[in-house]
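Two complexes follow with subunit A in common, the first pairing it with subunit B and the second with subunit C.
Now for the complex of A and B:
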């Protein structure tokens, strides 16, 4: 029994259609609340963690331990005057942040969240091809960045957008191939290997796909770092060269959305890695606490991401493109071959 | 080629003066071909404060504060540079103890300056964390400066023929403590950089400055030594008591970004070595020359012309003073090392990627107070 059915049951005194519409509405609302809380937590933890690494205190003025700092920052950004560049392409300029947010939320909507005590399964969307959908959806966010870079008619933003394109092309192909290897392996375990939920639940037999495919896990993790574009791969918005890349001309809440989008990408990426490779909501103790396992795994990966972010210098764009085509791609192909051999061996 | 065609080939990009990567107020006019910098023109003068002319309007003893504000990152070094010239002109040599105190302060200041450089260079490459580690160590040096002079950056510690205040037990102890704990922190920082493959790949073989070019452009300081010329004023023409301390000048033959980084780190180690020796050899004696008591200070008159060179943290600092027998200098001129080092950026940046240009301009160690004066 999942959340949707429970909500529908709750609204069942109303007619069937209205009950389901309300159920979907509230389910989406709960998901949005979870994502918003998670994003605020990610940003807050990032600032505290960064401060710890850098022997500082971090935010500590708004609320106890500065926990309301993010809310204060958001209030500030909302109040700020939105300065629009004169030569902008109006529609893409204004649409770009929305596109980034859209990609982020759609990505979260497709994740399997596991079950949580008596509430039951928390998964929002049930599709038999949700993995394909997820890959399609996470490709939306870079489009928002490119739109932002080109429409602001700023040279820094333009160079940032060009870099973002070069970067995306060079990591997405290896990422696809690793996912292919994953699907291939999952097809031996489950009848619908394109459904993330069934991949996740089938990984119980394997413990985790990441243990069987360490190369795939590595390539996918690097791809997720590159996709979220933080250091060492923050080429699109490298602040020491390109001011802040595609978001240079953005102010106020529009800038805030890009900022949130970055942290959202980190969270979504960590969640994807833990869902696909680290056994998703499966854990050592049985029981309906899958959601907790998923959150714990995701947070461990988020902290690893922060550590990488804060200790690495930025790689140069040509070196990254080289790295993508000369190392990541062959590694993913080797992973594919190994996965094929393993899958055959298993089914024999 | 017509102007329109020319414009199509290149993107003109204006970096600075308010750009996060240009240190201070450097403005770079860049012609970009994709990511490659085809041409680069540094534009300076945004921090020009007319310091030399103001020095000519003031008494000899008052000019020190303007030197503090030139290279505000290594203020003690600038004071030493000015006083070398002024004391020679006025004929007031500092006592032995003062010379040792000045060596200690100048070397601590050099370490502070290199630490600022280390942190800023990390930021140029996108490393956020080492900046704070470097600044924590620098803060300890600034605490020593506050103890002796009452001010953190613009110290105004030295005066003609002496220093403002003698070392007491507490200061000596603080300097000793700093020298004891600093080398370990320095090695930690060194590992944080050099054990990172991305850092090495970003710096090795990038921005190579050949020996001949470096000499042609009158590059001095760590940049010159990283290009293979073992020239250091402290060794070549010892001033103060540098001939009585034992230290090496690090030299690298590579001439690239990494060489400059390594040379600066080695210089910090050597500076600490010098400070340790100087503290142990610190003689007893007066801390100012009686000819330059406070009441006599504004009556000092100098005649003739004097040029003195010292090794600041950025390179060879030259101060030229012409005195006409009055209480104020007739002409004062500063040979800024950073300005000469900056002039080579145009050569180094040609046909490099824009990310590398930021890194290269980082290795020059720019402080704009000194370039523009």
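Now for the complex of A and C:
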């Protein structure tokens, strides 16, 4: 039983088609609400966490403990005048934030969420190749950033976009190879190793793939940090050199969307790492509270990411690209070979 | 004869393993999570005030003899004497100081020079106001801060 069937049952007094249309609609709506609340929570907790690490208090004026600070910020951003650069390339300039947000939401739609008490499985997409879809979808967000950088007609935005391209090119390849090793190992466990849901449920056999492939876990986590482009790898928007990279010329809610996209990609990346490598929703009583396990694992990874963000300096562009090609790529290939030996030799 | 001065060769620091330093930094930052915040939520909780901290000037009208020493000693003409219609056998001229806190530098010269200790400084420091004058009349100098017109 999953959330779609529950909703269809709920609407079953209406005719079959209308019940399913409403069920799909409400399923999407619930997912969007979950994502929105998660993003607001990520931004709020980031600000609180950063404040505590810097021995401050963080937002504490709007509502109890400053809970409504994000809503107040959002209302401020909506009210602000949207200043458009004169020589902009109009269509890409306006489409870019939408593309970033689209990539983010599609990525969330493909995650397996586990099950939750009466409702059953909360997974939205049931596809046998959802891992391939996910890889395709998370490649959409950089396109939005590149569009924003090039269409702004601003040298800082342009350089930021070019750096973002360099970053993505050097870190996508090791990420793909680690995923390949993962799929290789999962193919011994399930008949459909390209389905994230079956990868997640098959990892129950030996607790988590991260224990068998520690190198893969490390490489994938670093790739996720690089993809979300925060502090050790924030070359795309290095705020002390380029003003703020691709989002330099954006104001108001359009800038807010890029800001949310950054935090959303941290959350999505943490969720991907916990799904693929840390055993997803598996745990005691995962038939009832699997969703909560996934959320807890994701939040621990988000906090680790924030700590890395707040403690590491930015690395230089050439060292950064070298790191991608000279260290991560060989490490991922070694991981692939080890995974092959484990899969064939010990038939794990 | 050769004089050998003890020159010590400077040793190069040991080359560290690359990731260990980063991990140490991360742990060091993470330790601060368990510290108490250094900031004070000001209007709700008052910050620590040292014992010898003095700010707002108070005036005891009964003790003031109207000698104008405080006006003379004030370095930036913050204190002026004002006539106040008040019966005080010790103050025949019926003049008392007023203080403009917009220019007061809290040098405490007036407190030191006052022969009868009529003018004195206190811990009170929240003197912000909405009206466009920081001048305290002699009657206002007598009252605590929350009774003064703001």
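Throughout what follows, the second predicted complex is superposed on the first by the 342 of 348 C-alpha atoms of A that agree within 3 Å, B and C clash if a C-alpha of one lies under 4 Å from a C-alpha of the other, contacts with A are read in each partner's own complex, and residues count from 1 in each chain.
Heads up, the rule we're going with is that contacts are C-beta pairs under 8 Å (C-beta built on N, C-alpha and C of every residue); 3 or more make two chains touch, one makes a residue touch a chain.
Not measured: the values here are computed from a predicted model.
Considering only the touch criterion stated at the top, classify A:111 as touching first (subunit B), second (subunit C), both, or neither.
Touch status of A:111: no partner.
Touching A:159, do we find subunit B (first), subunit C (second), both, or neither?
The answer is first: A:159 touches subunit B but not subunit C.
Mind working out whether A:241 is in touch with subunit B, subunit C, both or neither, as first, second, both or neither?
Once the two structures are laid over each other on A, A:241 reaches subunit B alone.
After superposition on the shared chain, which partner residues are touched by A:52: those of subunit B (first), subunit C (second), both, or neither?
second
First (subunit B), second (subunit C), both or neither: which does A:8 touch?
A:8 contacts neither subunit B nor subunit C.
Counting residues of subunit A touched by each partner, does subunit B or subunit C come out ahead?
When the residues of subunit A touched by each partner are counted, B comes out ahead.
Could you say whether A:316 touches subunit B, subunit C, both of them, or neither, answering first, second, both or neither?
So A:316 only meets subunit B here.
Is A:308 in contact with subunit B, with subunit C, with both, or with neither (first, second, both, neither)?
Touch partner of A:308: subunit C, not subunit B.
Which partner does A:231 reach: the first (subunit B), the second (subunit C), both, or neither?
In the superposed model, A:231 contacts subunit B only, not subunit C.
Could you tell me which stretches of subunit A are touched by subunit B in one complex and by subunit C in the other?
On subunit A, the residues that contact subunit B in one structure and subunit C in the other are 53-56, 310-312.
Could you list, by residue number, the parts of subunit A that touch subunit C in their complex?
49, 51-57, 60, 307-308, 310-312
Could you please specify the touching residues of subunit A with respect to subunit B in the complex?
50, 53-56, 155-156, 159, 162-163, 231-232, 234, 238-241, 243, 309-319
Within the complex, which stretch of subunit B touches subunit A?
11, 13, 19-21, 32, 34-35, 122-129, 131-133, 136, 192, 196, 198-199, 201-202, 353-356, 358
Of all residues in subunit C, which touch subunit A in the complex?
Residue positions touching the partner: 22, 25-26, 28-30, 32-33, 35-39, 41.
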